[in-house]
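Shared chain: chain A. Partners: chain B in the first complex, chain C in the second.
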Partner chain A sequence: MAHELAHRILSDLSTAFQRHPNIDEVGFICCPTCQHNRSPVVVENNKLGIETWCLELIFPYAHDKVLRARGRDDRGRKIKVSRSARSLLEATRAVLLVQADCLTAWNIRKELVEAEDLKCTQDLKFAALVLTKHPKSSETFAHRRWLLKQIIQKTTSTSVQPSPIAQASHTNGLVAGDQASSGAAVEQPLNTQHGTKAGGTKLPCDEKLLETELTVCQSSAERYPSNYYAWTHRAWVVENVARCHYKILMKELCDNRHWISRHISDHSGLQYRQFLLTQLATHFRLEDALQDEFLPVLTAEFELLTDLITAFPGHEALWYHRRYVFQQWESVLSMFKCPKSDNSASSKNHTHLQQQHCSEVPVELYTHSASSFSRDRDDSKLHAAVVQGNKKAKVDSTYTEHHTIQTELEFCRNIMATSQDGWQVRLAGSYQHWLQQRILGQDNKLL
Partner chain B sequence: MMMNGSVRSRSEVSEYMEEESLICKRLPKELILRIFSHLDVVSLCRCGQVSKAWNILALDGSNWQRVDLFDFQVDIESSVVEHLSRRCGGFLRQLSLRGCQSVQDRALEIFAQNCRNIESLCLAGCKKITNGTCNSLGKFSHKLLWLDLGSCSLITDNALKALSDGCPLLEYLSIAWCDQITENGIEALARGCNKLQVLIAKGCILNITDDGIRHISSGCHLLESLCVSGCTHLTDGTLVALGAGCYQLRTLELAGCSQFTDNGFMVLARNCHHLERMDLEECVLITDATLGHLAAHCPWLSKLSLSHCELITDEGIRQLGTGACAPEHLEVLELDNCPLITDASLEHLMGCQSLERIELYDCQLITRAGIRRLRAQLPNIKVHAYFAPVTPPPSVGGGRQRYCRCCVIL
Partner chain C sequence: MKLYSLSVLYKRDSKVHLLMGGYDLQSFGYFQRGSVKEFMVFTSQIIVERCREGSRSTVKEQEYMCHCYIRTDGLGGVLIADHEYPQRVAFTLLNKVLDDFTQKVPTHLWPDGNQSTIHYTELDGYLAKYQNPREADSMMKIQSELDETKIILHKSIEAVLERGEKLDDLVAKSEDLSVQSKTFYKTAKKQNQCCVIL
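The block that comes next holds the complex of A and B.
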């Protein structure tokens, strides 16, 4: 009896999806008992609602079907999925709407895609639907990645252009579970002809696909605060679908700026921002445009952070992001500062300066020596040390004096002096401590 | 056979093995053959690898009269079919290649040549098959009675023509989802296969028309079962044609043929008195009048589906309930998604002693009380509705409570 009812409700679901192919959101209607002889499946304005009384009927029924499909028949052979494609589609759909992390059900759907009983685009749509109800489902995102890989494989095997290989990034280790799935990555030769800003090559992927994917990530991130999986997925998409194309990176940076202004404490959102900046750094380094392009980006980043930190006191995420940005800043500048050859004279001077930093040197002197390091071009000895071994000798002075450890320390002092929020003061203090550790660390390296 | 787990000494073991082989020799060949005839393909092949004697017996043609390769599906390649056909030769009577998507025309041509006594052939889901296969069947398989070509969408009218010419004994034919078939093919079929009893043509959405059915009606007077579900272009002309020629009709599946009206069913019912099973799901234009005609003329009606027939009301059910079929034959009645049905209909059906199942999903005027009363009258009935009580799993204690008929607790 229960079976027939469950079967009927599943076929109601199928009919709903057939009649309304553009269902984009699903929710459960709280309805503990069945009051009327009416289907629990309701569709209004492309939103799907399922009354909760039926869940305890359909879920065991559908789940049982899913598990049996994975069983082995009497002779110990694996039961082929395509034998009952339609009923398996129904069952997996029901299971996943309730429990999005059922990997068995997703794997059955993968097999149906491979057997061409189910289209990639249809399944992407369904996965997006599941995410509206379960925005933090890691298995759903993993399944999306598998589908995207399938689509990319299909399109790259037909297209002629080679596209740049995906750079190794911090998402590799974090996106666990992908290593297990098959889907061989197509190895492509590194394309040295990156699109320059002026050139603007065609995007190496389907724009619509990319846009859909980013929208899905966005809505998932909105539904659940600090949604680690959504942001990591977004980073994966930028890396593997958009191939870290410069335009996409810049656009994402811009969009993300709006996001973090509205979601201040979203650690994952800021982590994504760091990913974008790392990718941009790599891109610009290859183009030799670090100074012209990247440093302004970082400067803007500093400004943004300063605004947000002062406007919204007491958010740890921002302070940590600032650490990252500062590190990037220093590493870029160090590429120009550090001489390549081992000139003992310069290193001695360098050490001398560092030792000065260590002691309680008055601020003014600190400033003077820092600026003289770059600005005083007539001081040939010091300058020679900088120039030596480096083609691009001149570092624009406007940059080097904008953000140094000293300025950052000053920033901390300002915050600690003006802020009334105790927690903010603590955060500023720990940032200050971190900066001081850096100074010590640099000294230790040289000594 | 004689396996027990006890440990034996070496001499005992060899004696034991001798005994076993003696038994093997003692068992007459005919008995071994008889045993083998119950085995499936895989087991037969395994037995054929046991010993020389068993090899000969296992591969004896008489064991290969019915072969079902459904479980292997895509693993079955053309070569397998070819080997099989050579091995079985004239013994093979029944072969199922359902779902074996890799099989192609060439293999089936060899098969047809080798296995001329084939009576039943299932090629459903063999998507690569074309007219060539049907040409081969028409040339060699004159004893063919049963043929399933479902989902073989490359088939066209010429295939039906070939079958019509070469397989006059054909009784069962399925061309489900073969959407290239038009009325020309059907005409050819009707001309040659006059013994046709079952025709399944569901899903041939675009091309099956009233004319095609007219040809069937004029040629296939023995037709008992017709399925044209999903063929939305059919109109009342079809029903009139069926009433003119196919008096033996027992099963009629017309789901989704939304153009049929009461007039067509009036003609049909008046002529086809043997109708037993009718699927009228989504025939949205029919009203209580159709039920009146069916009640009056079809006393053998046992299964009737009226899902989504939104114009049906209690009056139609009343006529049905008082019709000739009601007291003894009506077994299944599907009224789901008929919004006008109320508890009154359930009252009208209380006289149907054989009623096993009634579907009332989405009939929002039906109440729990109405269902309760019906179950009181017909204790064996299964009532399917959304709020129908779900029977709890059998209790461990064997059930403590007992109910008398007037105190049925829902």
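The block that comes next holds the complex of A and C.
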């Protein structure tokens, strides 16, 4: 009896999707008992609602179907179960709308995609729907990445280019549930990953695909505060779909600015911003435009932070972002400290500093440690080219006079003297302490 | 940084009733909005019932900050916002709304008024305008002109209740909450969900 009912409800669900192909949101309607013999599936204004009384019926039924499709015999070999694609789609859909992190269900859908019973675009649409109810589902985001890789591989295999996707450098290991796609991932040389500002105006990807993906990330970030998975996914998309193209980086930086002004405590949104700035740093270093292009970006960043910190006292996320920006600032300036041919003792130390900061690797995405850049990758050739390339030994004094440790300490003192918010005062004190530690650290290095 | 509801209530002899409410529920799931609105009405009522006339308080409840200002003449306003929304702007807005309401709705209508008898449509407009605190409030740049009354901070709704009162009982007894909302409250509490409305 329960089975029949569950089966009927799943049919209702299928009918709902057929009749309303533009369903864009799913939600549960809190309804403890079945009312008036009515179907628990409701569609209003393209929003799908499922009454909660039926969940304990349909979920076990659908989940059972999903598990049986993965049945194995005593020797662990897969049992060939003849199950129609349609039936599997129905069952996995029901399971995932309730429990979005069911990897088994997502994997069945992957197989259906590979068998061409399901299109990538259709499944992307479904995954977006799941995210409206489960905005923090890491498995759903992982599945999206798999689908995107499929799409990208398909489009690039039709062109003459070599193996497309570089393994995401920051997101290696940080993005849970990702199974490496079967194709070997080849590291692209860095200078082909970043579109150059001058010539390359053509984006390396389908614009609509990119836009859709960014919209999905945005909605998920809106639905759940400090949504780590949505922002990490966004970074992955920028890196692997948009290939960190300069234009995309700048547009994202601009859009993100509006976002964080309205979500000042969103740590993950700010960490995404740091990812963008790090990528831009790499790009401008390759273009030898750090002073002309990147320092103004950082200056604007300082201004934004000062503005937000003073207007909205007591938000820790902003203070931590300021630490990152300051680190970047110091790193860039330190690269211009000495002419390269000077062999005096003091300049040896400076060159040492220069070398430390010149390693060509983007910052670990989520580090707040004192060392600016990770030293994992050894890219000495590029490093030498950069050091050689900085023929200008001096930085414009308008930069060197602003945003020194001293001016930052002054900033802290001002806040501590004028703010009425106790927590803000403590945050300023904490930043002040961090700055003072940096002074001590630098003194030790020069000894 | 969001505002969710703005209500004007009237309190006399410990009795409180809602005169008018404005709501912005876009950020909630489509099917949740009905219940969310009911809970915001319920919460606003509870807070005004238990705070004194002539006081300003902020009640923190999970992700929400309920800012409440009750004037000495019994007219009160409750603004439900998230924790990023600056407190000072919240109270500036409440001041403004209550002044405006006083000008537009005659005092004699307050004691027996409710949403159908009171004609005051400004609340949705205020809510929309103040979603962006800096555009709306030029005073953010300079010190506010609020009087010296301190704003009392309550760490939860339970903290506002009388001794022996339990929130669960109040929810169960409430005539303003539908069966659906009451069930939602019970299940959400059981699952210890974050971002529950109450």
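One rule holds for everything that comes next: the second predicted complex is superposed on the first by the 352 of 447 C-alpha atoms of A that agree within 3 Å, B and C clash if a C-alpha of one lies under 4 Å from a C-alpha of the other, contacts with A are read in each partner's own complex, and residues count from 1 in each chain.
Simple rule for what comes next: contacts are C-beta pairs under 8 Å (C-beta built on N, C-alpha and C of every residue); 3 or more make two chains touch, one makes a residue touch a chain.
Model, not experiment: these values are computed from the prediction.
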{"item": "Greater residue coverage of chain A in the superposed arrangement, chain B or chain C", "value": "C"}
{"item": "First, second, both or neither for A:40, with chain B first and chain C second", "value": "first"}
{"item": "Touched partner set for A:254, first chain B, second chain C, both or neither", "value": "neither"}
{"item": "Contacts of A:5 with chain B and chain C, given as first, second, both or neither", "value": "first"}
{"item": "Touched partner set for A:31, first chain B, second chain C, both or neither", "value": "second"}
{"item": "Which superposed partner A:417 touches (first chain B, second chain C, both, neither)", "value": "neither"}
{"item": "Residues on chain A lying within both footprints (that of chain B and that of chain C)", "value": "none"}
{"item": "Partner chain A, residues of chain B touching it in the complex", "value": "42, 71, 73-74, 99, 360-364, 366, 382, 384-391"}
{"item": "Residues of chain A touching chain C in the complex", "value": "25, 27-32, 44-45, 47, 49, 52, 132-133, 222-223, 225, 262-265, 311-312, 315"}
{"item": "Chain C residues touching chain A - in the complex, by the definition given at the top", "value": "1, 27, 29-32, 35, 63, 83-84, 86, 132, 134, 140, 180-181, 183-184, 187"}
{"item": "Chain B contact footprint on chain A (complex, rising order)", "value": "1-2, 4-5, 8, 34-40, 57, 73, 75, 77, 80, 82-83"}
